[in-house]
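Chains: A, B, C and D, in written order; residue numbering restarts at 1 for each.
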Amino acid sequence: MDIELSTGRPRSVAISRVVRENIRDVTLFFRRQPDSPTAAPGQFFMVWVPDVDEIPLSASWSDDEHIGLTVRPVGEATQRLVRMRPGDYIGIRGPFGRSFSVTGDAAIVVGGGVGMAPLRPLVYALLASLKQVTVLIAARTRDELLFHDEMLRIAESDSRLRTQVATDDGSLGFHGLATDCLTALLEQQTADVIYACGPERMMYEVYRIALRHEIPIQLSLERYMKCGCGLCGSCALDPTGHLVCLDGPVFTGSTLASIVEFGKYSRDATGARIDEIR
Amino acid sequence: MEIKGYWLASGILGVTASVLRRVHESGADVVVTKSIGPVPRVGHPGPICTSSHGGLINAVGLTNPGIDAFLDELHRLGEWGVPFVLSVFGRSPQEAASVASRGVEAKPLAIELNLSCPHAEIGQVAHDPDLTFQYVRAVKDAVDCPVFAKLTPNASDITSVGRAAERAGADAVVAINTVRAMRIDIVQRRPILGNLVGGLSGPPVFPIAVRAVYDLYASLSVPIIGVGGVTTWQDAVEMHLAGASAIEIGTGVLSGLDVFSRVREGVMTYVQETGFSDIADIVGLAQRR
Amino acid sequence: MEIKGYWLASGILGVTASVLRRVHESGADVVVTKSIGPVPRVGHPGPICTSSHGGLINAVGLTNPGIDAFLDELHRLGEWGVPFVLSVFGRSPQEAASVASRGVEAKPLAIELNLSCPHAEIGQVAHDPDLTFQYVRAVKDAVDCPVFAKLTPNASDITSVGRAAERAGADAVVAINTVRAMRIDIVQRRPILGNLVGGLSGPPVFPIAVRAVYDLYASLSVPIIGVGGVTTWQDAVEMHLAGASAIEIGTGVLSGLDVFSRVREGVMTYVQETGFSDIADIVGLAQRR
Amino acid sequence: MDIELSTGRPRSVAISRVVRENIRDVTLFFRRQPDSPTAAPGQFFMVWVPDVDEIPLSASWSDDEHIGLTVRPVGEATQRLVRMRPGDYIGIRGPFGRSFSVTGDAAIVVGGGVGMAPLRPLVYALLASLKQVTVLIAARTRDELLFHDEMLRIAESDSRLRTQVATDDGSLGFHGLATDCLTALLEQQTADVIYACGPERMMYEVYRIALRHEIPIQLSLERYMKCGCGLCGSCALDPTGHLVCLDGPVFTGSTLASIVEFGKYSRDATGARIDEIR
């Protein structure tokens, strides 16, 4: 048993670069410690925000030299993070969890809001494996689209990537929910795998659409996490006891079929059930 | 209940019925729940854990949804037939007793009284024999099922505390909870854990636990439930020889949920190969001499 | 004397002047002798040490030739100009004081009063603030040089004991001594150490020591000498940040006698690179926040 | 720092065979644990004699499968050992210490009493490296000669080995001390290295003889040992602080030249100086 490996110790890293992605989200970069592994698409870090808390954040960027985390401010920890400047310190444990697996030949990738964070490296991984990829970026409004410009730029030079936008307010692309856009998309094209990350309500609908079309899916779930490494149990799913931190955060449709709480309820910081999903 | 086998220790994964069932199905004979208090409790801010020189330090801070919400989980465990022990804590003997008496509705095999969390305010109970006596007595008076007292290695004299628990009617003692510890980040120059201080568990505390079990076995007549740093069958044999009738495993689940069956099988093979007929036969054997 | 630098901890190699000089020449700023009592003492039968899960357990049992014979060694240290602290113990405050007052003939930099060996009969002193006060006061009254009180992490409340030592006039406290522990041989089914029980040291106890130093620094005004599990400069920085002015290294000598200079150089580089001018500047810095 | 490696934990092994070597000495064999190293000539083990003590004993036999310890009963622990039967348990830590190093072309090996124990594997190592070897086995009387028959047997088939015996009482071979025999030997033949183990008084004389003849020597010293691994300091030598367990037990003549206590005094179990050498 290697506790150093499975749990780790928060290691302080200085923010090297801060990139504002849209009116809400900010990407923080730091140098990867040479002796720590790179993060595969879908893996996450436990991020120590000094004086506040430690929270899970997906790697939105991971190469030999740098790691990037894209943060949406929703509470104290994330607000503190998006205000950070180069030179400020955060602590990092990880990467943790199971990554997306690259399968099939034609993929649809559905990202809602900051859910695009783990999907960004996935798109690169899919293209590197010579797949056809349609990425559907959804947000409430055009100013909140994440990684849209970057995806457009890739698509310009790589015809295997197609981009599609959906905004709730119709300010760009499809006017409506990501799920309605996906349904429309599946009338024009087919796919042999769907990847999604975003609000659970959205993912639950994506799951049902995929089920209807009999397309395999992989979704990245969120649950409250205290340890990130299979100790505390706060991220356990009913009724199987799957742990989001260890067995996820990426789950396949067939696993999700056995998770009764998926799309229905989750738990708060005390472990109490709350009939609320994000 | 019979005090034997390999159990999940309190606080590791123990906050929902689902995961406790999974741990049982993966091989734990009995699962001990997270320590539950009277009301919901968020616990300490993160980081709540860090590794240290081969061990783990945690300061979860008794995160729990409170006994009322937790009863749902307990009832589910009951429906599923998962053998469980309910761990409880309270800021006073009365409070602990009231949590326990609500909990027994769900028919736990036993109540484990956590008197010993080194990083929550209730940490000091099991340092003091008198206070320990009061807690154990109050809970014993309130419930019909067996009551276990969980002790701390941070007490100057764990055997006096164990004897006080026994006098008060404890049906077994559980030793040990985590050892007071701290890590400091040398880049930011501040303690790592949100709660600053925490409790050490895992392999480093193993010989501390063996010693506590050995000392307790020599001075008590109730069974000892050994816990602390067990990750292999060799560790478990050693803990049994020191005097543990049953063994709880916490941090060891980081090596996989099959740790319980791996340990059980190793101990059974040992028992057979050394000519004994039952694990109970080796309990406390290191005490002769 | 100035309380700073990297010292050899008591009981490791510290029984002859020759080897203490060698340790000093290999990089230890100050060497602390083996704890010396009034009369020769063989100590416990072997095995006197065993490894355990990354740590070391010892039950040497205060082996020492007695202060009379040891004075020869001390005088030699003096002639050779080796900076040394004399560690002493006694079964009563008077006995400890008499050993110390004989020892000061040889002009040690200070007397370190071992109140805390967890596997010898004198182990219980530093569990009790009153007893600690009496020992420290008796030795302070008997000698002119600084007196350090060495504390045990096995006490329920190490800070009360530390405060008692300070009230009695201790010029510094040393924390920590080893942690009560035991290993059992599963083939022979008996404790391994000749003394059955022993004390855990080395990396596993590091976070226990950090916590003790941190707590003591917060409640005392005398300097803290940190000891327990330090083997790298990172450990040493952490110990300084917790509040240690000087650091003793014991088990760490197993990694080579150059451990003192390796640690010192690492800490100095750290201090420079982080913009401080002296190691003293980082002592206790983790206490802000 | 690997405490498991440097200090170890006594591991219980069952005695597999007991061989009486002469009227005093007995060799105990046990199976080597597959994950523990073989012992080089001159290395020793810390041997836990249950209920009694842990004492240092040299490996007199070490191959892939077995280790042998040859014991002379002098006190409680060694007396207990020589009475052991197959199946009895002892605990083993080690091997520890520096071994003899095989150098030169013509070696003289001088073993006094049970001092032949670490020299037995040395003789094999020397012969394996194609050296000329003269082994001088000394004892008080012929019934106490150790490994004499074995050495004779080797010498029968390997002309590079010559054996020589010295007994104090003249019951076999040279009548007199090992050192007198050595002096006589050096009048007839030369050597480019001398190895010795035995009573310190003997070794000290051997050391002086070698010095006089300007022949390099390697001697295996004994001092009281509690830990065997450089922790307790009980085996430290004056005035250099060399540790017999870590820097020895085999020392070269040039190191011994700086050891004032060599041949003069040693220390007892409390660390007190005693003007007595064995």
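Here is the rule we go by: a contact is a pair of C-beta atoms (placed from the backbone, for glycine too) under 8 Å apart; a residue touches a chain by one contact, two chains touch by 3 or more.
This is a predicted model, so every value here is computed, not measured.
Setting chain B aside while every other chain stays in place, the touching chains sort into these groups: A | C, D.
Steps from chain A to chain C, taking the shortest chain of touch contacts, total 2. Put simply, the C-alpha centre of chain B and that of chain C have 32 angstrom between them. With centres defined as mean CA coordinates, chain D is found 67 Å away from chain A. Once the centre of each chain is set as its mean CA position, chain B and chain D turn out to be 51 Å apart. With centres taken as mean Cα positions, chain B sits 36 Å from chain A.
The multi-chain contact residues of chain B, meaning those touching 2 or more other chains, are 52, 54-55, 183, 190, 203, 289. Shared contact sites, meaning residues of chain A that touch two or more other chains, are absent.
Contact topology of the protein chains: linear, an open path with no closing contact. Checking each pair of chains for touch leaves A-B, B-C, C-D. On the side of chain A, the complex with chain B involves touching residues 1, 3-4, 6-12, 46, 48, 50, 52-55, 89, 91, 93, 226-227, 229-234, 236-243, 267-273.
Contact residues of chain C toward chain B in the complex are 52-55, 57, 127, 153-157, 179-184, 186, 189-191, 196-197, 200, 203-208, 210-212, 214-215, 229, 234, 237-238, 241-242, 270, 282, 285-286, 288-289.
By the touch criterion given at the top, residues 11-23, 34, 40-43, 45-52, 54-56, 58, 60, 63-66, 69-70, 72, 183, 185, 187-188, 190, 192, 194, 202-203, 231, 251-255 of chain B touch chain A in their complex.
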